[in-house]
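Here subunit A shows up in two complexes: once beside subunit B, once beside subunit C.
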Partner chain A sequence: MTRRARLTLLWIGLAGFGLAMATAFTGLPGFGSTFHPYRDLAVVATFAHATANSVSSINFDQRGFDTFGEETILFCAVVGVATLLRPVHRERRRQVSSGGRVMESTSLIVYVLFPLTLVLAADVVAHGAITPGGGFQGGVVLSTGIHLLYVGGRYTLLSRLRPLEWFEQGEALGVVLFGALGLAGGALGAALFANFVPQGQLSDFLSAGTVPLFNIAVGMTVCSSVVILLAGFLDQALAIRSDPGTKGDPPGADQKEEAAA
Partner chain B sequence: MSYYAYVVAAAVMALGLIGMATSRNLVHTVVCLSVAQSSTYILLIAIGFQYGGVAPIFGNQVGQQTPVVDPVVQALTLTDVVVSAAVTSMLLALAIQMAKRRKAVDPDALGRLEG
Partner chain C sequence: MNSDFLTNALIAVSLTIVLIGAAVVVFTRAPSKQAVVLSVYGILLSIFFVTLQAPDVALSQVAIGTAVVPLIVVLSIRKIASIRSEAESELEGSAQGDAGQGSEAGQP
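Take a look at the complex of A and B:
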């Protein structure tokens, strides 16, 4: 398709999209109205299980099975990326030296923020049921904190502090833990992903039943996933080089070889 | 005026689509897809908003009768963000493979299907 034809098609499609959206929006309740039937039901269910953070209650208690699916999507994406970013033929891994100059102020900030970020991440995961936050958010904070070392110019330290096999197992363990908690709900409670642990008092650290446990499982998975993803991309940028033997190949040699194969 | 936030979401979606259709670089295409997807966050959060509503975190000050914004759409947005991150990482990995195998990142240069 030529560029011109594609743009014509795009504008036709956008006009249709705009029309459909305009029709749909006029049928919606106005912005900021007081009509929220799902909210009303969800709040009642949240209070029934003494969970302070309503969003966590919905994600891990009221629709735990959906979140399990979501976690599986993340897991599969990470497996896919890890498969795609392996060193292919005629590539090799080279030793990355911690070269380059890093500003002292950057190093200082990294050294101050590295422990702080790890503590903050643990806090966000642990209090996911009673304050804003939870496993997803805390997991991302934790993996970001680990990668502060790279910002501080310490790639070798990062690779040493980040044994990838541990994170690969941590990711799988998180998914398995999530599924096991769901099955335990089926065995000990009323249904799959039921909240079978006593829920305690609203806003207590140990409240909300299974929600904090799910948060920990998700925190493990998300942190490990982000670490593995970034490790793959960092590897591509820093460590993986095409073999020097292929440097002299004329451009297009790849395609010829593929055609022959 | 009461549909303003919804129109913003539709506009962001349209911008992302235009960017994808006119893209000359696969990484740019992936970023445009993220832009288009972020319009769904705006739409979801806008639908759940209520004037005077507070965040749906309950405690001493916020009781069962306090008006809060809709937590259901917030939970959906969280799901949305995670799926978006998964899709973006997958597509970027594919873009790297394209750059390696075909030595091209312009979508127009990738006309031939490869089996």
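Take a look at the complex of A and C:
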């Protein structure tokens, strides 16, 4: 295809895209207006299932299958990153010294914030059906809280307190739990991912039926995923070095190889 | 009416701050500085989400955009720096090695 033909095709595509976007945007309700058909339907369905946090209700009750897809995307992405970041045959792990000076104020902040963050994460996951938050947010808070230990300058403590095998299994277990809850909805309720547990009283701690259970499953997966993700990056940055003698390609090696070929 | 005006003013102010923050992130050249600026920008964005009454999104943004992504960027920069320093020491080592004994690296 010539350059001219490609450019023509590009312009036709851009014109079509621009036309479709312009049509879509002119049909949108104005910003801040009171016309919200999606909200009206979603909030009614949320209260019908005694869920106070409508975002959680939409994510785990009204469109649970979509969220399962999203969770699987995260799972697969983290598996891919872990595969890419593992040590390959010309690399070795070296001992990471726990040396290096950490400011006392930093240590103090880490000591104060580490337990607080863990409690906050548990709170965000547990109250996901009632207040803003949920499995995803709580899981990320939990994993970042664990990594406060690294900020406090204790990589050795972090690697001891963070048995990676547990998190690898926790990640898979969370996904399996999510799928099992969805299948249970199909077996015991009306459809896949149906809310088959009695929903209780609106805004009670134990309300909203399956939503808190889904929150726990997602919290497990997300926390483990982020821990594994950061463990891969930390390992590469601190512990993994290429073998002596077969050290990384010197600068300009690629150009030399190309020139030789 | 009055509270409507206040809400809109709050959204406008925080949107302006977010846009300025985005520009600062883009025009920060050094990647290590950019990671820190990106972290601050994450906080600005989460405040913006709160003014738009989306606390769930704001929580995710604080955790991911302010903590996890800048940490990944900083760790990657550190790894790249260590690869560069290894490659440089390899070059020096092979230059010294050529004088004494035949080195494997550097031969065609």
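Assume the second predicted complex is superposed on the first by the 222 of 261 C-alpha atoms of A that agree within 3 Å, B and C clash if a C-alpha of one lies under 4 Å from a C-alpha of the other, contacts with A are read in each partner's own complex, and residues count from 1 in each chain.
The rule we apply is simple: a contact is a pair of C-beta atoms (placed from the backbone, for glycine too) under 8 Å apart; a residue touches a chain by one contact, two chains touch by 3 or more.
Bear in mind that the values here come from a model prediction, so they are computed numbers and not experimental data.
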Under the stated touch criterion, which partner chain does A:F65 make contact with: subunit B (first), subunit C (second), both, or neither?
neither
Between subunit B and subunit C, whom does A:G32 touch in the aligned arrangement: first, second, both, or neither?
both
Where does A:F205 make contact in the superposed view: on subunit B (first), on subunit C (second), on both, or on neither?
neither
Which superposed partner A:L14 touches (first subunit B, second subunit C, both, neither):
first
Considering only the touch criterion stated at the top, classify A:V88 as touching first (subunit B), second (subunit C), both, or neither.
first
A:W166 in the overlay: touching subunit B, subunit C, both, or neither? Say first, second, both or neither.
neither
So, A:R241: does it touch subunit B (first), subunit C (second), both, or neither?
second
Between subunit B (first) and subunit C (second), which does A:A77 come into contact with in this model arrangement: first, second, both, or neither?
first
With both structures fitted on chain A, tell me whether subunit B or subunit C touches more of subunit A's residues.
B
Thinking of the overlay built on chain A, is A:H147 touched by subunit B (first), by subunit C (second), by both, or by neither?
second
Subunit A contact set shared between subunit B and subunit C covers 32, 53, 55, 132, 136, 229, 233, 236, 251
Complex interface listing, subunit A residues touching subunit C
32, 53, 55-56, 124, 132-134, 136-137, 140-141, 143-144, 147, 226, 229-230, 233-234, 236-238, 241-242, 245, 247-251, 260
Can you list the residues on subunit B that touch subunit A in the complex?
2-7, 10, 13-14, 17-18, 21-22, 46-51, 55-60, 64, 67-72, 74-75, 78-79, 81-83, 85-87, 89-90, 92-94, 96-97, 100-103, 108, 114
In their shared complex, subunit A is touched by residues of subunit C numbered 8, 55-56, 58-60, 63-64, 67-68, 71-72, 75-76, 78-79, 82-84, 86-91, 94, 104-106, 108
Spell out the residues on subunit A that touch subunit B in their complex, using ranges where they run on.
3, 6-7, 10, 13-14, 17-18, 21, 25-26, 28, 30-34, 36, 38-39, 42-44, 46-47, 52-55, 57-59, 63, 66-67, 70, 73-74, 76-78, 80-81, 84-85, 88, 130-132, 136, 202-203, 222, 229, 232-233, 236, 251-252, 254-255, 258
